[in-house]
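Quick heads-up: structures coming right below.
Two complexes follow with chain A in common, the first pairing it with chain B and the second with chain C.
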Partner chain A sequence: MSDRPTPNHRARWSVLLRHGPSLALLFIIALFALLDWQFGSGRFFSSRNAGVIVNSAALVAVPALGMTMIIIAGGIDLSAGTALTLCGTVMAIAFRDYTIPADQAGAATWIALALALGLGVGILCGLINGLIISLSEMVPFIVTLGTMTIFLGVGQVLAEESTVYPQNTHLPDWLRYLCYTGSNTDYYWFSFLPIPSSALIAIVLGIAVALLMHFTVFGRNIVAIGSNPLTARLCGIRVGLTTTWVYALAGVFVGLGALLYFANVKNGNPSDGTGKELEIIAAVVLGGGSLSGGRGSILGTIVGALIIKTISSGCTMLSIPNTYTHIIIGVIIIIAVLIDGLRNGKPKWLFARLASG
Partner chain B sequence: MKRAANCLLLFTSAMLAATLLSGCKPSSTSHTGSDTVRLAVIPKGTSHEFWKSVHFGAQKAATEIGDVEIIWRGPVVESDTGSQIEVVKDMITMGVDGIVLAPNQKGGLVDAVDEAIGEDIPVVIFDSGLDDGPKIVSYVATNNFKGGQMAGDAMAKAIGEKGNVILLRYLAGSESTEQREEGFLDAIAKYPDITVVSSDEYAGDNATKAKEKADQLIQLHGETLDGMFAVCEPNANGTLEAIKNAGMAGKIKLIAFDPSDALIKALRDGHCHGIVLQDPVQMGYLSVISLVDSINGKSIPEFQSTGEYLATQDNMDGEPIKQLLKPELME
Partner chain C sequence: MNALLEVSRISKRFGPTIALDNVSMTAQAGRVLALIGENGAGKSTLLKTLSGAHRPDHGTMSIDGQSYRPAGPIDARSRGVAIVYQELTLAPDLSIEDNIMLGRSGTVAGTLLRSRQRQRVQKAMDQVGLSSISPKARTGDQSVATQQLIEVARALVSDAKIILFDEPTSSLPAADVDRLFQIVDTLRSRGLAIIYISHFLEEVRRIADDYAVLRDGHSVGAGQLSQISDDQIISLMVGRDVDDLFPAVPHEIGSARLDIDRLTAAPVPHNVSLSLRRGEIFGVAGLVGAGRTELLRCLFAMQPTRSGTVRLDGRPLPQRINARRRAGLGLLSEDRKTEGLAQNLSITENLSMGNHQRYSTLGCLNLNARSEDAKRWIEKVEIKAQHPNQCVAELSGGNQQKVALARLLAQDAEIYLLDEPTKGIDVGTKAEIYRIMGQLAAQGKTVVFVSSYLPELLAVCDRVGVMSRGRMTEVRVTKDWNEEELMLAALAATEDE
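After this line comes the complex of A and B, so read on.
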């Protein structure tokens, strides 16, 4: 055994690091299961809790799918949180003023229109971000910092600085029970498979985005732009156009995320969105996404969302105060990025010392 | 694609293992002993002193009854409905024997409460109402309409039963404060010589916004104005500042709802002429007592008031007002 890593060593390490997020998730699940079994109620490691966690994770994971594409393309979207609650608010207004009771004939059309409206607002928000970024060539961080408060403000104007309550009778049952995690199997999409519908939606969308990223020219172009925009341009990729598309497409996922959010809380409150973008970005980063672009993984992002929600659920089960939950999640994010850096030869001083010594 | 498949396999097998193992697990793994009643108490947030007093009351009830464990858990993100729903679901997972909940929004928590009741966990709602639907044990709260009426009567007394007054509202859609506003208008209507010159302005949820709104209203009605009623604490703090800035302290009579240090001082100095008080300690206490009684098969009234009191300059140093102005806190 020599001190210097042999190629064989390196290969072994890189396998470990490649599965980093998933292994971390397994480790965290095992850790909390053990602690909860010893000191808690022993209910952490249960099928019910698995359902609750995948449901909360789906609420983060769906908008995070769009964020993953943006981050792979070398961008960032700070407006995702407020754009999401803006869509939710629009849906709530539609279900308050412009729909008919769900059990009346023809209600399905109105429901579809209300949801399409919310989705449309999401796409519009993404399109605005994309157009400003690609036309003005400003830094995405600043542009979306601006649109973040714009979307918040627009939402507050629409909601008259309050919370919008839809008419409960106007909501169809499938929407009401999208985030249901109880034991009544009638409320799930497949009564033999008691997995929250929100999680099924997230899985289907995740597979779709993974296919898009791996097997289409568009997906390859996104990676190329994120790795090196100048080279991408020289290769004939229309960087501005592709960037605009990426943000608009991310808007679709913000809109779908808003659908889940609305199904969960059943009202629209524009200010709920502040802070959600950080949770979304954290999921991407935990999953191995690099804020310098070119790298990120759809599966990683979903695992990242699961990690965040597993920790918060585990802390609740163990009666660890919320204040410490925040600290634990923060520490784990930093450790995750640190480990990810090791894979790319960072920090440089450490590797320089290893090589020389 | 291969590594993605690998990871997916890993994850699915873990989740499957979780499902299978939990199925085999005997339900008696609880380490707290079978005769301890475990109750989750879920406030809207944890940082405000009001909730710390509720916690004190809940713990007091638990200690009195004995063999009751209080699990105190607020939403991870303060006042966030989604976050509160997560906590309710986690508590159902933990298999608590009952839940005491102050819903963040009357509509948003309905299905979470339904889910708890569906798993045979009884629920007591406190402080703010829940939309109709779930069969809750009881609703324990201040009678806000009556509190509003007391504020109206206190206002009438302060201004000598005649003059112009303003009602500064809180936010549209907030049930508890709307009740106070209606109660106030109901009481004022009994006095023919009192005119409500403004009752359609919303002060918003923080003191800064409330001060701006109050500034504008004082500008508008200035010299002819005799009294203002602010329906909640941040609202009253902002209004107090606006009245002081305009140099009208003591001239415009202020009636507030819920105390703060600034309002208590103003009450002593004669800048505030009445504070309607709630009893958060009693709220926590009565909620836990009701839940345990219900678990033991007693029938509980649908609505239970925890009382409302008026603090004035004259009674602020006597009991029970002195205690209610500075209720005990759980540290």
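After this line comes the complex of A and C, so read on.
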């Protein structure tokens, strides 16, 4: 009868809700496996398709790790998508114009420089966002909305408004097969473990960020700032400095994401990034991140990326047109956030019903 | 006597917590009933039950002999029960008129009937003494006191017979409290029944006729105020004798520590010079807006200073919060809801915020040490919580304040800047906070204690300074002050200018 959920109700739900994203993923996999077995080609539940899903999820998950930190700190980064393709474009240009064929002596230095350049652009993009946000105290949404367009424009200028194709011979083998999902086990890092290298990278990075968030002062300060920046300031946490670091660090993940993306498509097209930021943010939100700050989960974000990619893959297998896939993912995001609200006793009307019923 | 409102044996539980247990109460027309009890005693739940926000599990309520079972706040209002909350619930960007009529505007097909509405608004505003202010003025531009009165006017337009006040004076300076009391007097003489929650006993004495005391969800006493002493009320509230509301801890005042020289900021404080000593509790009195909070915030570098210097042990302090914190200054914010604590984080998380160096090496945390430390503080300042990972928002006001205070103690500061540390908390917790302040002084720390509650300043402090219009107008040893003189000093300088 009360307008607040009683502790009993919460306790009953919270166990399920804590693992909500993972349970949802299992449910979605089971659902598509069943549908595909009945109506589709039966290829959904195959190791090859699993590799494809995991690889494409890794491409979203790596930049989403940085986004998770930003969202926990109470911010948002709309420029992540175009920053990512800007990095990719810079790498592509560097490989096209400044490296020598990968099998020649001394190529390694140039390759390292090209990759470092791409990564550096990512950090720079993040640093620009962070500095503008903390120095001007403008809303992150507006700042990154601006830089989103700026990064897109810069990319287009650099790429001379076209797609940059580096010579295939300039790319080292390890880079070309970073996102390999085929059946030749020689192209995987561990031939006994045919998991795409991109996914292994995402897992290692995910563990690193989770450790950073839980076991370091920096991580706890991020949570503090996201929960209440005024309290953080009162406690002597340097809010502006920490915020700048968070965006710069997220820039590292944008750069690494760009590296994976470049390895996947092997070209640089600055316009590809438009809309990617929303997929990245969706992964964080599906994983339980709260856009009001202070809450988010690394495991959740990775699961969120898997959910999105499982759905698109499943829809493809069932020959559902791409347009409908968008609708389905949109609906799932809204339902996920609604269900996640149960943890905080929202919506109230539902709990009012439960209590009186 | 005619009982207007009768509450009979109502109970309300939230899960395992019993908030109200067989509570009975009567309120009479033309009388003010003071509802007294410590935080967590069930006063707010009772008030919310009366105003329709909660529905009781058992028991009955009646108004004028007719059964009263409000389905919700709107239903309660239509039965003549209105509530004025402790925290203002006005929309700052709307006009006064719109705020008063919010939710009860007379409309025809969604269109406001402005002229008819204005008459009702004007009448209500006259009744609360706001006739000099235009109903079209923006609400956010009014003082806190005026906004409080707007809330009362809002209750009046709905033709309320019973008005519930939830600690209305906790955010008001003394002069405005008088004004509010006059209004309450008028309402009483017009035959309304008033139920008034307050933590201040002397306030209750001034305004109320009857009392009802709640403790742990039970009614433990009720009657006429003229027939009970303060000590008896307090022992009803806490369930034990509080011999000493203001426990004194002997402490010795030593040499000068913090030297403030002509500190000026825009708009306040102005030209404040002070020398604070080791082992001293220094009280700061003054009206709201006199610059007391701003003085503390300037000392903690949360607010830029225009000129003047602050020296600790002779060394000038740098202009950065964390540098001042490291130098040994600590601030307890006046606003624990929006600034003092991160409400959606756990007690442990709040306690450790900014204190991480205590259990980390090279930026890496030792989580065990952290939770052990949190448990220690929870025991030490007696925070009543289910477990250290409980969310701070779920704690009562007094326990929240203890969390904020414990964090400051964990910081192990030398100079404690306490801004209204006892605001909105119960008598028992207040006494504990006074004791902690005394213990700090006994350890040779310096405490600056800003408060609007004069009796506590006079009881706890070694010296008290009065601020007015940004200036520290007068500083005296506490025994040379009394309440009237303090009030006069706070008001006098205002009139000079």
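Just so we're on the same page, the second predicted complex is superposed on the first by the 338 of 357 C-alpha atoms of A that agree within 3 Å, B and C clash if a C-alpha of one lies under 4 Å from a C-alpha of the other, contacts with A are read in each partner's own complex, and residues count from 1 in each chain.
The rule is simple: a contact is a pair of C-beta atoms (placed from the backbone, for glycine too) under 8 Å apart; a residue touches a chain by one contact, two chains touch by 3 or more.
The model shown is predicted, which means the values in this text are computed figures rather than measured ones.
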- Message: Just to be sure I read the superposition right, which of the two partners does A:232 touch: chain B = first, chain C = second, or both, or neither?
- Response: second
- In the superposed arrangement, which partner chain does A:156 touch: chain B (first), chain C (second), both, or neither? neither
- Query: Touch check for A:167: first (chain B), second (chain C), both, or neither?
  - Reply: neither
- Message: For A:216 in the superposed arrangement: first (chain B), second (chain C), both or neither?
- Response: second
- Contact breadth on chain A, by residue count: chain C or chain B: B
- Residues of chain A at both interfaces, chain B in one complex, chain C in the other: 214
- Task: Could you pull out which chain A residues touch chain B in their complex?
- Result: 18-19, 21-22, 25-26, 29, 37, 39-50, 52, 54-56, 59, 160-163, 165, 168, 176-177, 179-184, 210, 214, 261, 264-267, 269, 272, 275, 297-299, 303, 306, 312-313, 316-317, 319, 322, 325-326
- Query: In the complex formed with chain A, which residues of chain C make contact?
  - Reply: 14-17, 53-55, 57, 302, 321-322, 325-326, 331, 333, 338-345, 349-350, 352-357, 360, 363-365, 367, 407
- Note on the structure: The residues of chain B that touch chain A in their complex are 1, 3-4, 6-8, 10-11, 14-15, 18-19, 21-23, 25, 29-32, 38, 46, 71, 73-77, 80-82, 85-87, 89-95, 105-108, 110-111, 115, 118-119, 131, 171-173, 202, 204
- Query: chain C touches which residues of chain A in the complex?
  - Reply: 1-4, 6-9, 214-218, 220-221, 223-224, 227-228, 230-238, 294-295
